[in-house]
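Data block below; observations after.
A, B and C label the chains in the order they appear, each numbered from 1.
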Amino acid sequence: MIPGGYGLPPSSKILKKDRLPSFLERLLEERIVFAPVRRGEVILIREIHAPSEVVLEYENAKESPKSIFFPEREPLFRYRTEKGKVEVDIPPGRERSRVVFGIRPCDARGLLLLDKVLGGEYRDPYYFDKRAETLVVSLACDHPNPSCFCLSMGGGPCSPEGSDLLLLDLSDGYLAEAVSERGAALLEDPAFEKSDEESLAVAKKIKRESEVSMKPVAMKENLEEHLERVFDDPVWKDLTETCLGCGICTYLCPTCYCFDLCDEAAGSSGERIRVWDSCQFPLFTQQASGLNPRPTAKERFRQRIMHKFSYLPKSQAMLGCVGCGRCVTECPVNLDIREVVKSLSGGNGG
Amino acid sequence: MQQLTNEIRAIARKLLREKKVEVVIGFERGSMPLRSRPCFIRKEEEVNRLFWDGFCENALAVYLPKRKERAAIVAKGCDSRAVVELIKEKQVQRDRVILIGVPCRGMVDRSRIESSAAPRRILEMREIEDTLILRGTDFEETLKRSEFLHESCKTCTHPNPVLHDVLVSEWLEEKNEDPFADIQTFDALTAEERWDYLNKEVDKCIRCYACRNACPLCYCPECFVDASLPQWIGKSIDSSDTMIFHLMRAYHLAGRCVSCGACERACPVGVDIRKLNRKLVKDVKDLFGYEAGLNLEQTSPLATFRPDDTESFIVNP
Amino acid sequence: MMENPYVPFPMRIEEIITETEDDIIKTFELSFVRKEEEEQFVYTPGQFAEISVFGQGEAPFGMASTPTQPGRLAFSVSKIGVVTGALHRMEKGDVVGVRGPLGNGYPLEAFKGRNLVLVGGGFGFSTLRCLTNFILHDSNRKDYGALTVVYGARAPGLLLYKKDLEDWRKRGDLQVHLTVDKDEKGWQGHVGLVPDVTRSVAPDPRNAYAVVCGPPAMIRFTLPVLKELGFGDEKIFLSLEMRMKCGIGKCGRCNVGSKYVCTDGPVFSRAELAGLTAEEHV
């Protein structure tokens, strides 16, 4: 992945809104296309078959697009056993390349964290197979939600990080900035026109206004160290008292990646599958002996916060939160992660 | 609303001062407009956090089982019914809980308000009687509160607490009996259509268990979906596994569900969980003449056996 | 390392030894089905592998065998869960899946030339058996100093690896101290708790390392004893047990602070652990 930077884009063009359908048509000819679509009351990122399905006037999708790269349920291999023998078949890689179109910059940036945690010494072949074959075209946020806090998490409403191409709505068209070489190749499509100085200036203004509109999260410097000091502070119990222990925050999160491995068998054959799991569930760490190092919501919630704001910054040099705000808006008891971070930042150091 | 808030605060202050309870479980203002949320008040000086408005949608009874402290709980009609069930099921001791009953005019569904205002963003909301005054950066709008209620509140026939120790505000007129119009429509479908509908709904499920965890009557120490020895159902979002989860949960709540709607409100992806629960609420009512959580005396029909129990439900579904 | 770290390779059960009188612990000796994996499976004492029972799932087990005896791997399995229960029902000739070796293993380089006291309890003794047999091997023995093994169980019938214990007892180049909670007729070892025995038999802490592996309670009470004896935190190594799943630092459940037990451990020095935020019981 080639992360981009701010400033003047390396190459940018204009995509007029009336030419968007033809661009999407051509994308659909070559690739599987995922984009925001309306499903009942909510917007979800789903595979589309026609440009008309795409909804780009939206705040953010209910679910993060991580499932496109890291599905809720993923077969790792099939097996067949008979006495004294076993055969293992690994599913073939992806044949058709894909594009995720119109996701938000926070979610695109979340992929960079997944790249880190699923990479490394034991590179996850299932994830990277999908990642390598999937272009990411994001749509910058010109009006961030009150629940959004990407800027405080090191990203931004118009951040190009994690995208191949970044679109910015200029009302009659989009300014398209290529962030990677793959993104630049997309700009070769005839739907794109040359950009002009005026568009660039407007884009710059929109970006600035968008960032200024965001309320910063009060967060202590060196929070990762500070959190280790307040690990045993009684404040955790107060902070988590209302938590219901459901998996909404982790399942909707673009960077939560914890999983379980299960066998689903019928007779002598079956599959080993990977399924999403959540640190908020008691079974996540319960040992077969019944012992559980994280027996109550307090330890489990603390793990989630520590993982995102202390452990990942230490091990991967990146916060485990991109500030998409889904956990803020969707938590049934409005347990707001921004308030949690703020409250812990104000702690006395344990 | 301010008056109810004041009354709740005064009661909480008194209960804490007189050491009648160690904790008051109520609502406070949330972190965003259109949000109120559960809170736990243990000190007199914190009672001013308590708050009441049309967004106090959580079923607070969920916090009662296994609680060691003597607790007071702010209880709407549905909450009080949940407490009644919990007492009957021996999960809560009657003498360890004080119900601060609040007759409820129904809670407002914030997603409806948000979609009615969209794409404008609501920055502030005031609630005065039956009006909601929304304010955004460049607009102000007044909505009629009763038009934006949660589904479960629209069909509620018990807005007044069925059990209470203290009452806040005045008794509301109870609505007529729920005609279960939605369930009648559902029942009129063919078996195949009903199955298709449920499959379509269940396919949205992400298995986050928010419905289960938000439910005041889902208190099993180990839910059947979590059992590993034996493992009853798969852990993935495979539709058959997800369907079994929702069906079994609904059956486990048959005769116990108090129609508070907490499950549906907690669901982040909009699964129509209520359809199943309400279908069973109606069935239990039709078959046994029973409604869950109305009083402490009546025994739950599915937790008892009588030789003359009707067989039609079992024999001819 | 394996190209696809989630896919196990097949191994055949060659022998099943019922270790304890309560039948709860069995040791499975496995042989490689394919030559390539036999060649690739190079391991250090203290490392572990994920064993698959196809249709039931996977669970991690420390290697109880020693790398000095190539061709076979041994795992001791306590029947407590789904996978372990299924393993216990398997028979000689059956095939299981194996992924590994995983984890860091004991710091053999640091141990070289030093005296060692290995303190184990119950089922956690398996990787210490591996380490002991590794050190005792002719090609390695000269690299290490005096070796003291303290091993305890609730009753004599619950001690594992009886044949090894007998062989070790006959040797003159290590001290073996076995202890049980309750005396039994014919028992010739210690009676008492592992920490107490450790206190009386541990070597001089200078030039020595201690390795502790066993149930949490045993670890909790042994650590202060070692400290009292003068073992510094950097001289004490522990092998941690946490619930693991993937074994490759991905699934997110076995962390102690910012470290994963499966990839950064399972062996940690006490000094390393002191710098981590740990849940109470760890």
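In the analysis below, a contact is a pair of C-beta atoms (placed from the backbone, for glycine too) under 8 Å apart; a residue touches a chain by one contact, two chains touch by 3 or more.
Nothing here was measured: the structure is a model prediction, and the numbers come from that model.
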Arrangement of touching chains [line / ring / star / complete / other]: complete
Between the pairs B-C and A-C, the one where more C-beta pairs touch: A-C
Mean-CA-position distance for chain B and chain A (Å): 31
Computed distance of Cα centres, chain C from chain B, in Å: 50
Between chain A and chain C, centroid-to-centroid distance (C-alpha), Å: 39
Junction residues of chain B - those touching two or more other chains: 228
Residues of chain C whose C-beta touches two or more other chains: 81-82
Two or more partner chains touched - positions in chain A: 260, 262, 277
Residue numbers on chain B that touch chain A, as the complex places them: 30-33, 35-40, 58, 62-63, 111, 115, 119, 121, 123, 204, 206-210, 212-214, 226, 228, 234-238, 262, 265-266, 268-270
Footprint of chain B on chain A - complex, ascending: 39-42, 57, 62-63, 72-73, 143, 145-147, 241-242, 244-248, 250-252, 260, 262, 264, 273, 275-278, 281-283, 328-330, 332-336, 338-339
Complex contacts: residues of chain C adjacent to chain B: 81-82, 85
Chain C-facing residues of chain A, complex: 76-77, 79, 81, 83-86, 88, 90, 117-118, 120-126, 228, 231, 257-263, 265, 268, 270, 272, 274, 277, 279, 284-289, 291, 293-294, 299, 303, 306-307, 310-311, 314-315
Partner chain A, residues of chain C touching it in the complex: 1, 3-8, 10, 12, 52, 54-59, 80-82, 84, 93-95, 97, 216, 241-243, 245-246, 248-255, 257-258, 263, 277, 279-282
